[in-house]
Amino acid sequence: MSFPLLTATAVVPAIGAIATAALPAAKRTAAKWLALLFSLLTFALALVVAFRFDPGAKGPFQLTESHAWIRDFGVRYELGVDGIAVALIALTALLVPFVILAGWHDADTLEEATPNRRWRPTQGFFALILAVEAMVVISFEATDVFLFYIFFEAMLIPMYFLIGGFGDRAGADGEERSAGRRSQAAVKFLLYNLAGGLIMLAAVIGLYAVTADQLGTGTFSLTQIVDARAAGQLDLGTTTERLLFLGFFFAFAVKAPLWPLHTWLPGAMSESTAPVAVLITAVVDKVGTFAMLRFCLQLFPQASSWATPVILILALISIVYGALLAVAQRDIKRLIAYASISHFGFIILGIFAMTSQGQGGATLYMVNHGISTAALMLVAGFLISRRGSRLIADFGGVQKVAPMLAGTFLIGGLATLSLPGLAPFVSEFLVLVGTFSRHPVIGVIATLGIVLAALYVLVLYQRTMTGPVKSEVSAMPDLRARELVVVAPLIALLLFLGVYPKPLTDLVNPAVEHTLSVVDKKDPKPTAQVNAVPGSGRTGHAASDQDVEAAK
Amino acid sequence: MISLAAAASTGEAVQFWLLGIVAVVGALGTILMKRAVHSALSLAGTMIVLAVFYLANGAYFLGVVQIVVYTGAIMMLFLFVVMLVGVTAADSLKETLKGQRWLAAGLGLGFGILLIAGIGNASLKEFNGLGEANAGGNVQGLAALIFTKYVFAFEVTGALLITAAVGAMVLTHRERTERARTQREQSEARVREGKQVPPLPAPGVYARHNAVDIPGLLPDGTPSELTVNPTLRARGQIRDVSRESLAELKALERRSEDWLGRGSGEQPEAPPSGGASPKEHKEGAKK
Amino acid sequence: MENLIALLVAAPLVGAALLLCGGKRLDRTGHWLGTLFAAASFAVGVALFADMLGRSADHRALHQHLFTWIPVGGFRADVAFQLDQLSMTFVLLITGVGSLIHVYSIGYMEHDERRRRFFGYLNLFLAAMLLLVLADNYLLLYVGWEGVGLASYLLIGFWQHKPSAATAAKKAFLVNRVGDMGLSIAIMLMFTTFGTFAFGPVLASTGATSEGKLTAIGLMLLLAACGKSAQVPLQSWLGDAMEGPTPVSALIHAATMVTAGVYLITRSGAIFNAAPDAQTAVVAVGAVTLLFGAIVGCAKDDIKKALAGSTMSQIGYMILAAGLGPIGYAFAIMHLVTHGFFKAGLFLGAGSVMHGMNDEVDMRRYGGLRKYMPVTFVTFGLGYLAIIGFPGLSGFFSKDKIIEAAFAKGGTEGWILGGAALLGAAITAFYMTRVMLMTFFGEERWRKAPTPSPDQPSVEPAAETRGEYAPPHPHESPKVMTLPMIVLAIGSVFAGGLFSLNEAFVKWLEPVTSFAHGHPPVSATTVTAATIAVLLLGVGVAWLMYGRRPVPSLAPRGSLLTRAARRDLLQDDFNDIVFVRGGGHLTTTLVQLDHTLVDGAVNGTAASMGGLSGLLRQLQSGFVRSYAVQMLGGAAVLVAATLLMRGV
Amino acid sequence: MNPVYYLYLAALLFTIGAAGVLIRRNAIVVFMCIELMLNACNLAFVTFSRLHGNLDGQIIAFFTMVVAAAEVVVGLAIIVTIFRTRHTASVDDASLMKL
């Protein structure tokens, strides 16, 4: 156990948060640069993690760290990453610098609004962002259920302040009204997630009780529990397992909004500033779906397969439902929020399809959706900040006055409707195939999501960007250098991962295989035996040879 | 002394039934009497009865302590406080909280029934009396227990008593916080408020009655409120003599007329003020 | 040699990247750059073609494996190209016609300040289309498939400031998406059935699975083809797609992209051969569409929309042929190529006409233009003769073969299909003659001001809103525009003949799309004779209606059918009512539900909690004695509980 | 006669005392009622000690008395203080526990 890399990855942003918060009020610009610096440091560390990680290695987790923490309750400070975690940590560390850059001026209005130097909006804003990053990273790394739970919940506090404290002044009505709605949205976010968290806490304690009962010493360690279960020492009875599973799943379903539990997301995303919205949907919510993969499935395999049908239906509903509601939205950010609900439906669908394509696709989806939503949402944020309004009806003909803005917006939109050649297509198609190969009907219905996605994205683009130029937008400036720096890399990444996702898939596949082996599910075999004897097919003899092994 | 039998003798039974009724009546009096003083007295009665019962139950020490401490000390303390506070505190029994009385009655009744039911089906048939327990004398027995088994509780109780004493002292002893106002300031304040600048008028009428409980009469013969102590008035212990004095006055005039041998042309009527005298004077007079 | 294949796609792709990201500094040279890349791709294509001819029929297929794209579990998608005779044909058509149209656009888009972006989009389209026809597996094909959809979206909506254009673009993309859904489901089916979706193994092992599965796959592929090739019931977007610049209509919506469906069906021939029901569906769709498009084409007064209808109908022919199985594939592709020539030519001609007529599209505002734009007239005329299948021109050969094959299907089915094909030929002759006459012959209706017309949305309203009317000055287009038209005209004259010299084309394709000679119930000569007869009939009727008597410059109300046909046989109205309005209502109600039901449930619980606590708060009156009552109550409950516990 | 009647008496007195606590508003009287309840308990204790034949019950009663004494002292002091400040001894007037 050499240098504690994972701890460092989580600690660096935490230090950054403290340092940024400690800066005196006058040093606003310094605070921004400091925050940016620390986020970049974190990104560098995340890259180191990604390179030190060896996909081929044995064992589920790598770079593990393990120290006793609360001996009396068997709580350990256990960190470890599998491919999925590495990918998501990299995503988080990648997105936060862009979030900071995009939110460069978000707190300035508050600085003017509150002349007193007592509380420092700028410092607070960036410190909170870094704090969120730290907590997210460590909850991706934690392999101890209790440790995970703590940060899973603690995340809510900085998020609450980010949502409630900093809004874009683009509400339909006056500032104080929108401030009211903002704080309401923040409270809703907090209450929803706390409710989920409390139920999960009960389940966590229940898990400890069961392990203490059966293993002699209670434990929260994921690996230990999985091994004990594999060795047959641990057998939580059917009912208990199902209850515990539901307790965990509920919390994660709230976090990654699954259909009936989604109503906090649109409010939170539309009221907060665009960078914070990105933080919510692209980073924080991913913890929920990630935890489904790591904890729900691995801790409670039987229960997961027991609950699968219902969850699939719910995911299906959120796919179609989210898309339909997105079509009807009048507010750009709400539209994106509902689109995200639809996409989270896809992710959950993929996870519980219990096929390597489905889960691999779901993991890719988490990453790609993060990037694409970030691109779309940030550009939308630039658009909104220029016009000072979130309503789609207030825009029109932007394409003529700000072609680059419109172009990036279109690319973000195309990524959202998962156009082939852009990253999200790969993941979405994998999810669909994975689902289809086990549940054909559900797969077919889910494909409807493709059409609906095209509908809401294109309607949004048409209403805002095309048509005759509205007088309000006629003076709209095109993307500035800083904004271009934010968007261009994301788009480049979208293109690259769309054309060559292999690095990501290589990272993810072993982890997915391990998860499936824990759940012990096998991919369904193709019904027909492919006889690709050269010459039998009239087309593509040269093709057939490696298609043979593709078929295997 | 009587070695107490398991089952009670008939004599004890008679005593129980007589005194028991007294105790209950006393208790009811405690909660029903209008004046705090009467409540206190009836409670004292109940306590004495209880003391007798203690003795009857072989708790000689407790019986004595009950009389000495409770009826002697505590109840007297109560009476002192009543004197200190409660003269005006004859609170009307009419209820202010809505439904409180019914709730209280209902709950009390239900609770009593429950208790009695509980006792009723407790298996308390056989009594192994205090014969051997009190063999070496009741006080000795208690002392043995207190200083061995319950010594710690005993010590703690001592601490408690000390604390209580100190606490009572702290609570009741008033520290003078602000500077005492000088006589000049007081007089100025009085003038400013414009009430009763000179000293209050003395009680007694024409110096014929010199008791404090007799209000002085105003020139028209009506009694003056200011002349008597308000506490006495609150207790309704004021003797009103205005009527007699008026009658005497009339008699005097008549006698003087006769003596002057003058024809009774016009006789001054007795002023009707006697009827107009305040209410408490009347009931005071009735007492 | 096969390493060149990637170059085919790469060249236009690089061009697109350069032009779209290049910024203003490329504005002046951009169009030449774009044309250059297209031409380069064409050159590579020719080189590969020559090389391919050099090899024997069975070893002509080339394969290039670039890299593994998506490897997850058993799922493996490669980025790999496969160049066989079928792909080769398309490569040449796409790059050839594409380059020509690039050249044409240089002139056509001269005055547009966003010309650079236009060429960027054209290059993007070429790249995507080539990817589509070169892919060696269905998923990569799907990428190209959506890519051309995107390019067509961008190009239809190129004049975004026109709301109609933006709407048309959106519509096209959405309808195509429905088709794409079919394609993706088909791919999933292939994966679950065969464990792969590469052409080789899938098409080789169709025997290994049940016919039901194959039928399902076939139907899904057909759905995809319908979307992309504007076949009934997904044809509604093509007419509106004419909002785009004319070169776009020529390249994408006539010559290449819309024929992708035919390519897909022909490529998947093995599957369809094994699934007769799917084939029946295909021929049905083809037959219906060919009549549908023809009828629509008769009624339209907008020249481009009329041509769009004809495109629809011609593709209907191809689909029909492709549905006939081995007896039809080759002819489908052959008609596809010839159609690529003459329809592109016709569109370019129309574009040149509009270019000379201040972008007037209403044929009733044309007339007698042959004097003013001779070259356009001649090229357009040749294209016209070709499409109606005038003996000796390319259209004749391809269409005649298709009609024969339709009869050769055999049985009543054969008669029905053949009859439909013949009828279609007649109507084609009619409406194309109508277009010809209304545009180039008759009086010059454009000289006097148009009268406002209620039921003719296609008339440019700008004219009459402006008070004074300045008649356009029809003039011939510049060389850079006429040159491609000439080339295409030549192609549309000779291609057909060339192809059918001792069945060269059929032999060329035979290794890919297996070929079988169809045996029509009546002799081939009879079929040919019938074809020519109906052709003459159609021309005659058209001449009687539009050549003899003058054409009213305002559209007559017309018969019920005419009015229906003007509105695309009520397709759009149906879509509007069912999908647009219905969908609108659905979504709005859902929003309401989301607010009241789903969210309301949560808020309701919160509110009830508040109410409950408010009620409990009443107990805290602050009066000691009420607390005492509560205490006594509690005590009573405790006693009662104890007693009950002890079982009283 | 069965000494268990003492218990019934105790119960009765206790109940009366409780009712008094609830009904009366004069703090002093309330206090007296509490004393009454305590005494009732004491009676019960004494009776029990006789019943079990050991002195523990009496001990408890004894302690009860002591504690009662202490309580009365403090309680009455409190009442006096309250009366000094508010010039009333009614428990209803001291309803400051409510917000």
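Which chain is which? They are A, B, C and D, in the order written, and residues in each are numbered from 1.
To be clear about the criterion, a contact is a pair of C-beta atoms (placed from the backbone, for glycine too) under 8 Å apart; a residue touches a chain by one contact, two chains touch by 3 or more.
Since this is a predicted model, take the numbers as computed values, not measurements.
Among the pairs C-D and B-D, the greater number of C-beta contacts is found at B-D.
Centre-to-centre, using mean CA coordinates, chain A is 78 Å away from chain B. Centre-to-centre spacing of chain C and chain D amounts to 97 Å, using the average Cα coordinate of each chain.
Spacing of chain A relative to chain D, judged by their CA centroids, is 66 angstrom.
With centres set at the average Cα position, the gap from chain B to chain D is 18 Å. Annotation for chain D: residues 18, 22, 25, 92 touch two or more other chains. Shown for chain B are the residues in touch with two or more other chains, namely 97, 100, 103-104, 107-108, 111, 115. In terms of which chains touch, the assembly is arranged in some other way, matching none of the line, ring, star or all-to-all patterns.
Contact between chains, using the touch rule, shows up for A-C, B-C, B-D, C-D. Only residues 620-625, 627-629, 632 of chain C touch chain D when the two sit together in their complex.
Chain C contributes residues 2, 20, 61-63, 65, 67-76, 78-80, 82, 84, 136-137, 139, 142-143, 145-147, 150, 153, 157, 160-161, 163, 165-167, 169-170, 173-174, 177-178, 180-181, 184-185, 187-189, 191-196, 198-205, 208-209, 213, 267, 270, 511-512, 514, 583-584, 586-588, 590-591, 594, 598-599, 602, 606 to its touches with chain A in the complex.
On the chain B side of its complex with chain D, the touching residues are 4, 7-10, 12-13, 16, 20, 23-24, 27-28, 30-31, 36, 39-40, 43, 46-47, 50, 53-54, 57-59, 61-62, 65-66, 69-70, 73-74, 77-78, 81-82, 84-86, 89, 91, 93, 95-97, 100-101, 103-105, 107-109, 111-112, 115-116, 119, 124, 127-134, 138, 141-142, 145-146, 149-150, 153-154, 157, 160-161, 163-165, 167-169, 171-172, 174. Those residues of chain D lying in contact with chain B across their complex are 1-9, 11-20, 22-26, 28-29, 31-33, 35-36, 39, 42-43, 46-47, 49-56, 58-59, 61-63, 65-74, 76-81, 83-84, 88-90, 92. On the chain D side of its complex with chain C, the touching residues are 18, 21-22, 25, 91-92, 94-98.
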